[in-house]
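Both complexes below contain subunit A, partnered by subunit B and then by subunit C.
Take a look at the complex of A and B:
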């Protein structure tokens, strides 16, 4: 186990080094670096990045780390909520489809998987805006809270802040703002989860212990919860990092469409202002956090799942 | 009893058998026909379409599609906010997106698969690790972010977006081909071939590559659809194809600007994209099914 951990950490530091190299290349292209002093410049640059000393934004003049504290919580909020929603619905749909293989229900689930993986997130967001903001005016299109309400900032996460304040009107307003981005962001990962779960369930139901459970007279629901769900979790955990990675890609688009004040909107604006500093630092922070996430998931799956632990020795 | 039909069935060529298996699934057939239709429409029809996608005509701005009340058959899908014919823009735009998506995906497929195979076949541990993990950093950065860095370095244009998406697809191909080749190497007929003294290169091309073809093809169909979605996404954010050039992404983005005036302009490019991607995925699924028929552990 310790050998495995050391190997993973080694890999982490090597990839971190490559990441700083790539970003330094971007830094050379975007800023002015003296070519004859390239190695001291790189050490200075990488040292600044690693110690979170990012400097100031050229557009607003604020320290980038302060701006990051403003823009990161809404993104994390949206990501986590949509991951939770899509996880629940996707796994439910997948198990239902897999247990009723070759039925009409299964065909519907398969159709949903196919559609979900071929609908681009920006198009579905546009359709939702068209349906629910223009034809039926029930949801607002921009922002994460109405401008009229003044919510004091406790944690930065709007969902938590609003509930701390505890004003019903503001809570409803927040939920209205949250609905459309959440739904349009959750569709694609929901389909991915459903596809993985359905495939895993179909493979699993050919085993004898499922047939034995049927013979014992257990209900479909019990089989789904007790036998199927636990056995397909490894398959899902292995794909979780790719799903989160793709989720962030679509999160950038959703934030731009719904003017959600998160990192996606911030990066796109900073590219438009050609503020190289922000692009580099955000990429560094996001890349590092995704790397850490990957390693955590790897270690988690090795600890929890017998099968992978055996292969790692 | 001697059965002539059976005799005839046994001497069918591989191609016929594959086609027979492919034909069994109706959805896959629908996908195949739709894909052929899409490719014909995208790549051949623009030769006969008379409208130039870049010519502006202010007198005929924002015409609705021909099936609505104010529309004319002259402009079948209406015109956009500068009076350019929407149908020819859609065709040329789909052509641009698809062309670059195919290019990015194929380049990435060839490079990625060769890296994966090389790392699976090499005996030395360090070379294996380096080849396998060299692009791991790309795996942990979201694809749009890779596109942002590339565009920050090289500047915004459609080929650069395609380059970025190709780079972001690389680790996927490397990992999948590595895993499949590794699984293949443990099988007995491969071991028999190794003990027969076949060289690594010969083994790779005659045994490993044909046997991991289904993995490669299913990845390729997914890769192309991801590439189409992502290139259009970069275009949607305004960093892909630059304005006069039509492209599915920036057409959708200009569609949302005029969504209060003309809703069809925000819907039609997306529908075209969905049809294209769904048919590609169906065909990929069908080919995979054909290659996997008779294989016991087919996923």
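Take a look at the complex of A and C:
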């Protein structure tokens, strides 16, 4: 296990080094760096990045770290909520479909999985806007809260801040703003979770312990929770890093479409304004967080698989 | 099991649908707040740091005061916070009296201890011209003045009394007052600047956390997204009715319209031409506010390229498309010809274009008459320029074709272009045919630029119909601008937002700007002139024009000469300018367009339910 951890850390540092090299290459293309000072410049540059000393925005001249504090929490908030919603609903649908194999319900779940995986987020988001915002007029099109409300900044996470403030009208407004981005973003991972879970559940139901549980008269709910869910988790954890990576890339699109004030919108604005410093910083932060996430999930899935092997061994 | 299936769905529906329904009720008319959505980015809270734009102008009117302003009716400058007291020392020193008892706003970093005075006015302009000022920035960081020659002419701005400020110029000019009346020329607080230094805050604080003396004070600003303003209780002028004002931006044109439909915006700026045709069908829900402001679209030719180096080549290329057709197909006939701004008859300009197109046909006989007129004009030309008002001796340099056909040209008098001979035309055509022309456009989600790709498609298809080869190259705004500055283009479609005086001048000026950033290419020679075309005669004429009153017959004549030279040389091709348009919800009243394309909310109000009936 230690050898595995060391390998993963090695991989992390090598990738991080390559990432900083690419960013430095972009940096020297944008700025003026003398060729004979390139190595000290790189060391200085990479040192600043890893110590979170990102400097100031090219366009505004203000510290990037301050802007980052404003734009990162809404993205993390949307990602976590979306992950939670898609995880719960996807697994629920997958188990329901798997336990009712060949039934109408299973076909519906399967249809949802196909549809959800096939519809790109930039299309579904626009359709939702057209349908729910323009025609039915029940949801707003942009932002995470109405411009008319002022929510004090406690944590930076709108959901938490709004609940701390405790104004019902603002809570409703926040939920209203959250609904469409959340549904748009959760659709694909939800379908993916459902597909994985359904397949795992179908395989699992062939096992004797499930049949025994049926024979014991356990309800499907109990079987789903106590037997199926526990056993399909390793399958899901293995796929989690791919799902999260896809979720993050979709999140940037969703943020742009719904003007959600997160990193996606921030990057897009920075690209439009050719603000090199912000582009470099966000690439570094996102790249590093991806790396960390991947390694953590790799370790987690290895642990889960080992535990399963030990349990079954 | 069914409960197991439907319970989460019911919970989800129960959570979101009532939320939507209830929230849509609370979204109704809020009488105290107004949301203005613009296509322009809110990069700074100081209009000095913006180009001339609807957003900068709106911020200026909401948050700041200006020394002078522009009368909406007469378009002449008039007093605002300052009043012109006197001009002396051979018209190079201007002294302004500053109004008293004007309070500044306060914020978390700063509480003012005094009222606005001459020190504040001096500081606001000194930071632009004086390198020793701690808040000095390169000229490029003040985009609205980067094309104005006035900054190079300004020696100093200083307080000569508690309420008297003096502007010292190198040479006399009539541009100072119009510069001071620009919406972007706002008055900042010197005391605030001192506080920023004392508290060791970043210098950029002055441009992000606004302290002005306007009717609204900033209380929340998220760069690139929105600024929230609230009514300033100590405002010296008329108290606005709207308590909270929110200025926000959206990059995409369709988004602005969506937000209007969902009630997320009460006023939007500059809908696209296609949206206008839709909005005009539903007039009862919206108020359409029009303002005749300058936002012109031009083609600029790179005259350094051998195949675009002569006037004949450029005119031949310009004759390959019809401006009227362009207006019809791209702007839905909503555009206005830029030549109208110079009191020129568009049909005269279009005639020149069409004449060039038909130069290959035999029109020699018809043109004999014009040749005769040219001959007459040639014999008389020196009698007109011997005026002591002119400082430049350009009489000998004026090309024949620049001399108008009448003694004193009147507004609306035909432009005069020499006819391209069949041979000239064919030579030019053959030369152009050998090259694949690159049409450069800037990719931007800013609405005013969305027409550019359509224009480029239109040009490409017209060129190809005439047997020329063309390709469209799209660049991100800054990247494209850098390429244009380095001369890496054939023809580019650009948008220029400026007053009439400097609209064309900035694109053909020979004046060098020495205050460019060192990081930019040293090849950059001219302030905003990327055509590579520079004509000393035109330059001198523009200089003389700056000393003359607009309505002076000599000024009209000079303007005419310039136009004639430009029509013949054609380093830039004026296409269309758009009216500044604002669409407000029908219950929003009193929104007034500002001279530089923004809106003033000082008289804005939201109609009550009772009023509607």
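Heads up, the rule we're going with is that the second predicted complex is superposed on the first by the 303 of 313 C-alpha atoms of A that agree within 3 Å, B and C clash if a C-alpha of one lies under 4 Å from a C-alpha of the other, contacts with A are read in each partner's own complex, and residues count from 1 in each chain.
Following the convention adopted for this analysis, a residue touches a chain if its C-beta (ideal position, glycine included) is under 8 Å from a C-beta of that chain, and two chains touch if they have at least 3 such contacts.
What you see is a predicted model, and the numbers here were worked out from it, not measured in a lab.
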Ask   = Looking at the overlay, does A:241 come into contact with subunit B only (first), subunit C only (second), both, or neither?
value = first
Exercise. Could you say whether A:134 touches subunit B, subunit C, both of them, or neither, answering first, second, both or neither?
Key: both
Item to complete: Figure out whether A:22 sits in contact with subunit B (first) or subunit C (second), or with both, or with neither.
Response: first
First (subunit B), second (subunit C), both or neither touched by A:279:
first
A:169 contacts which: subunit B (first), subunit C (second), both, neither? second
- First (subunit B), second (subunit C), both or neither: which does A:84 touch? neither
Which of subunit B and subunit C A:271 touches, first, second, both or neither: both
- Task: Have a look at where A:123 lands relative to subunit B and subunit C in the superposition and call it first, second, both or neither.
- Result: first
Pick one for A:249: touches subunit B only (first), subunit C only (second), both, or neither. first
Both subunit B and subunit C touch subunit A at residues 129, 134, 268, 271-272
In the complex, the residues of subunit C that touch subunit A are 1, 4-5, 8, 15-17, 19-24, 26-27, 30, 33, 35, 41, 43-44, 202-204, 207-208, 220, 222-226, 228, 244, 246, 248, 250-251, 255, 258-259, 261-262, 264, 444-445, 476-479, 518-519
Listed in rising order, subunit A residues that touch subunit C in their complex are 31-32, 56, 59-63, 67, 70, 88-89, 92, 96, 105, 129, 132-134, 137-143, 146-148, 150, 169, 172-173, 175-176, 179, 219-221, 224, 259, 261, 265-266, 268-269, 271-274
Listed in rising order, subunit A residues that touch subunit B in their complex are 11, 14-15, 18-19, 22-23, 25-26, 29-30, 114-115, 117-123, 126-127, 129-130, 134, 199, 203, 241, 245-246, 248-249, 252-253, 256-257, 267-268, 271-272, 276, 279, 283, 286-287, 290-291, 293-294
Note: in the complex, subunit B contacts subunit A through residues 133, 136-137, 139-145, 148-149, 151-153, 225, 229-230, 232-233, 236-239, 249, 252-253, 255-256, 259-260, 263, 266-267, 269-270, 273-274, 277-278, 281-282, 299
